[in-house]
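Note that chain A is present in both complexes that follow, paired respectively with chain B and with chain C.
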Partner chain A sequence: MSTLQIIANVWDKHLMTMRTIEHLQMFSIALLLSIIIGVTVGVFIYMKPKTANTVLNFLNIVETIPDLALIVLLLPILKLGAGPTIAACVLYSILPIARNTYTGLKGVDEQYTYVAHAIGMSPREALFKVRIPMSLPLIAGGIRIALVFCMGVVTLGGLVAAGGLGTVLQNGIQLYQKDVILIAGLWTGLLAVFLDGFAGIVEKKLHERYGTW
Partner chain B sequence: MQSKRLFDRIDSIQFKGVTKKYGSVFAVKDLDLEIQGGELLILIGPSGSGKTTALRMMNRMIEQDSGTVTINGLDTREVDPVRLRRNMGYVIQNIGLFPHMTIGENIGLVPKLEGWDKNRIEKRVRELLDFVSLPPEMFMNRYPRQLSGGQQQRIGLARAMAMDPPLFLMDEPFGALDPILRKQLQKEFVKIKNEINRTIVFVTHDIEEALILGDRIAIMDQAKLVQVGPPEELIFNPVNDLVADIVDAKRKFKHMDTLNVKDLMSPFEEKYAFDGKMEACDAVEEMTSKDIENAFVFDGEEFLGHVTMIDLMKCRTKAQKLADIARPVKNFQPLDSVALALSEMKKSKEHLAIVMDSKHPIGILVSDEVLLKLI
Partner chain C sequence: MVILETVLEATWEHIVLVYTTLFVSIAVSIPLAFAALYSKKLEFVVMKFANLVQAVPSFAVVAIMVPLLGIGFTPAVVAIMLRALLPIIKNTYIGLSNVDPALIDYAEGIGLSQWQINIHIRLPNAYPAMFAGIKFAGILANSVAVLTAFIGSGGLGEIIFQGLIGYNTSTLLAGAIPAIMLAILIDLSFTMIEKKVTPGYMKG
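Showing the complex of A and B:
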């Protein structure tokens, strides 16, 4: 059998098209939630600077819990399936996104906020029309880190019946089929690299559009 | 959200006993200052003198500790700061165009916040770009970083003008430009200033700029107002050495000694000559068409005096002939000393004098112009 045939066999037998879709579904839901929550938290701690240290420290602690442990801890609450995996993704991703949002907002050159207020923008308008757009490159950087985290965590989801490519890997390990492990592993890695590359391009575009020199 | 205008025009702005302290240091101490509607008032002084603080208290970017700032009698602290600021055009030294917005978006920003529709905003943006001599097609969709410093400064001015505010606050707007460009923009700005005819408060540290642009100049030092008055007054009557030093009076007097009226007068043109028998209202029409604000009234060969457009505007309520309205002005010989002529004009509080060669008018001496040429 040629290599291609082996790959095609494994792909069919383990329903890898479906698994890939599942994988990407979980991943996108998790990333989207992370962005919404992360940016919100970032904006919140920027507006209430006194809370910044506490919140960031707390998120740092969450970050130190091993991912597998976190998923297992979430099992009793969210039951088997995609729930714990998505939740774990989100919990991990809040920190990089929130921290970058916070740093980005704080890093906007004071002269722009000064002018924004001086020409008659309300604090809210200044935040949404000046500060947030000007922090987009940094926020995107945070999202990119979260993206890589999430790819890893979603793959682990296979252990708790979350579906996705992790399930294929898990099957390969259980059955000790090296080619399945290899193919699923490489494919997962390839997806991650591809998505990261895409995010990198978006980040670069944002830098060109919103970055300041 | 379309907010109603706070004021359509400025009658006067008053600082009364305004004080601002940072820790134990006074930024502005007990400032009393009146800014008249329609004038360009310069705030000048060494750094740390409080000039910028004073400016920023007008739009509440800085709040005073005590005292009041009133605009047309309205205490600024009784107005929502956002609303207050939208009634003022603000131009700043480092311009602060938003790098993530196009030139069009930058200029149209406040109109957009005020809820103008797209077409109206675009029309206004085009008007303003034309006004600051930047072709709209070329510039509207560019980003600030694609523009030169001078172009950006023009955009900054256009943005300030977007809502056609009755008051402009300008914080060293030309300070960051190289000297040649600065001169050019100052020249353009004088033109714009005359065209828009608005009240302007202008902070600078450049005395030349102050003398060229200012109707009146307020000199500040160590948080206090030292002297305020028209340029001539500061030059001829400085209250102390600091003022004399700032306006560099000695240098100017040195020039002045060797100059006579003929060197500095503007040539008299026929368009300025009006017949005493003319009705005031007709004169207004004629002056408007000639694009002049001042006229000299003659009865045949005999010089009767001077009238301004403002004097004549009252004609609608009261029919009068020019001969009745004309006020006498100083009359100098071409070889009179300029220093003497100016101090005489100053004493009688006149801005204009006529220069006669025996019986014929040959020139007009304007106090401001004299200064400009001395600089």
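Showing the complex of A and C:
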């Protein structure tokens, strides 16, 4: 059998098209939730600077928890399935997004706020029309980090019956089928590297459009 | 029910696994970071590779070790190293290359050799960045070490997997909670080492 045939065989047998879709589904839900929550937290701690240290320190502690341990801790609460995996992704991803949003908002030059004020913008308008757009490159940087985290955690989901490409990897290891492990592993890696590369391009474009440094 | 002794034994295995990998990674990374200072090509390769491998999910890295190296302690160490090496190299290199050029000039002015400059000027000045990288690598190593139990490395992950198979919450917690505490311990231990090795005139 040629290599291509082996790949096609493994691909069919382990339903990798379906697994990839599952994988990306979980991943996009998790990333979307993370972005919404992360940016909200970031804006919140920017508006209430007194809370910033406490919130960021707490999120830092969450970050040190081993990913599998976090999923496992969520298992009794959220039961088997995609729930714990997605929740773990979100918990991990809040920190990079919130921290970058906060740093970005704080880093916007005061001059722009003065100008915004001078042309009659309310503080809210100044936030949404000036500060947030200007901190987009940094926010995108945070989202890119979160994307890598999420990809890793979603892959782990295979171990707790969440589906996705992790399931194929788990099967391959348990049945000790080297070709399955190699194909699924390389495909998962490739997918992650590709998505990260894409996010990198978006980040660069935003830098060119909004970046001031 | 999980017996305390099993947990302690697994914790010890986990510690051995994480620290072995970390010290090997540090021993490999620091010379590489110095070498990258002198070779633009190596720097490019290391940085590109670092960013690329960082994006690959840990489970994929761990899984690919099985066809390549089999199962057990050694493949686990290699898998963890692949994750842990890169933040250390990257941060050490950044620390080494961002030393104030004036300091290097002074050092040359008082007649220090290249070697002496590297050891006495560049290295201590790179400590903050370097240790930040090591601590980050330590946290990564700890979480990947939980995972490598799946390919037979032993450690706390084994208890977690046992709990998963039987869907037993107390077993799951018996594995997960020590793993979380270890993460904090690893961070603290390197903070302490950093304080120890930083020369007095650098503090403050």
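Here is the rule we go by: the second predicted complex is superposed on the first by the 212 of 213 C-alpha atoms of A that agree within 3 Å, B and C clash if a C-alpha of one lies under 4 Å from a C-alpha of the other, contacts with A are read in each partner's own complex, and residues count from 1 in each chain.
One rule holds in what follows: contacts are C-beta pairs under 8 Å (C-beta built on N, C-alpha and C of every residue); 3 or more make two chains touch, one makes a residue touch a chain.
Worth saying up front: this structure is predicted, and the values here are computed from it rather than measured.
Asks: Will chain C clash with chain B on chain A after the two structures are superposed, or do they fit?
Replies: These partners fit in the superposed model.
Asks: With both structures superposed on the shared chain, find the angle between the C-alpha centres of chain B and chain C as seen from the C-alpha centre of chain A, to the nearest 10 degrees.
Replies: 110
Asks: Examine A:Ile119 and indicate which partner it touches, taking first as chain B and second as chain C; both and neither are also allowed.
Replies: first
Asks: Kindly classify A:Arg209 by the partners it touches after superposition: chain B alone (first), chain C alone (second), both, or neither?
Replies: first
Asks: On the A-aligned overlay, A:Tyr176 touches which partner chain: chain B = first, chain C = second, or both, or neither?
Replies: Second partner only.
Asks: After superposing on the shared chain, does chain C or chain B touch more chain A residues?
Replies: Touched residues of chain A are more numerous for C.
Asks: Does chain B (first) or chain C (second) touch A:Gly158, or do both, or does neither?
Replies: So A:Gly158 only meets chain C here.
Asks: Looking at the overlay, what does A:Pro133 touch: chain B (first), chain C (second), both, or neither?
Replies: Only chain B is touched by A:Pro133; chain C is not.
Asks: For A:Gln111, using the defined touch cut-off, is the partner it touches chain B, chain C, both, or neither? Pick first, second, both or neither.
Replies: In the superposition, A:Gln111 contacts chain B only.
Asks: For A:Ser2, using the defined touch cut-off, is the partner it touches chain B, chain C, both, or neither? Pick first, second, both or neither.
Replies: Neither: A:Ser2 stays clear of chain B and chain C.
Asks: Can you work out, in whole Å, how close the C-alpha atoms of chain B and chain C get once everything is superposed?
Replies: Here the least C-alpha separation of chain B and chain C stands at 29 Å.
Asks: Report, in rising order, the residues of chain A that make contact with chain B in one complex and with chain C in the other.
Replies: In the superposed arrangement, which is not itself an observed complex, chain A uses no residue for both chain B and chain C.
Asks: Okay, in this complex, where on chain B does chain A touch?
Replies: Where chain B meets chain A, its residues are 59, 61, 82-86, 88, 90, 92, 94, 96, 98-100, 109-110, 113, 145, 159-160.
Asks: How about chain A: which of its residues touch chain C in the complex?
Replies: Touching chain C: residues 61, 63-69, 72-73, 75-76, 80, 148, 151-152, 154-156, 158-160, 166, 169-170, 172-173, 176, 178-179, 181-182, 184-186, 188-189, 192-193, 195-196 of chain A.
Asks: Residues of chain A touching chain B in their complex?
Replies: Residue list for chain A touching chain B: 111-112, 114-122, 125, 129-130, 133-134, 136, 209-213.
Asks: What residues of chain C sit close enough to touch chain A in their complex?
Replies: For chain C paired with chain A, touching residues are 52, 54-61, 63-64, 66-67, 139, 142-143, 145-147, 150-151, 157, 160-161, 163-164, 167, 169, 172-173, 175-177, 179-180, 183-184, 187.
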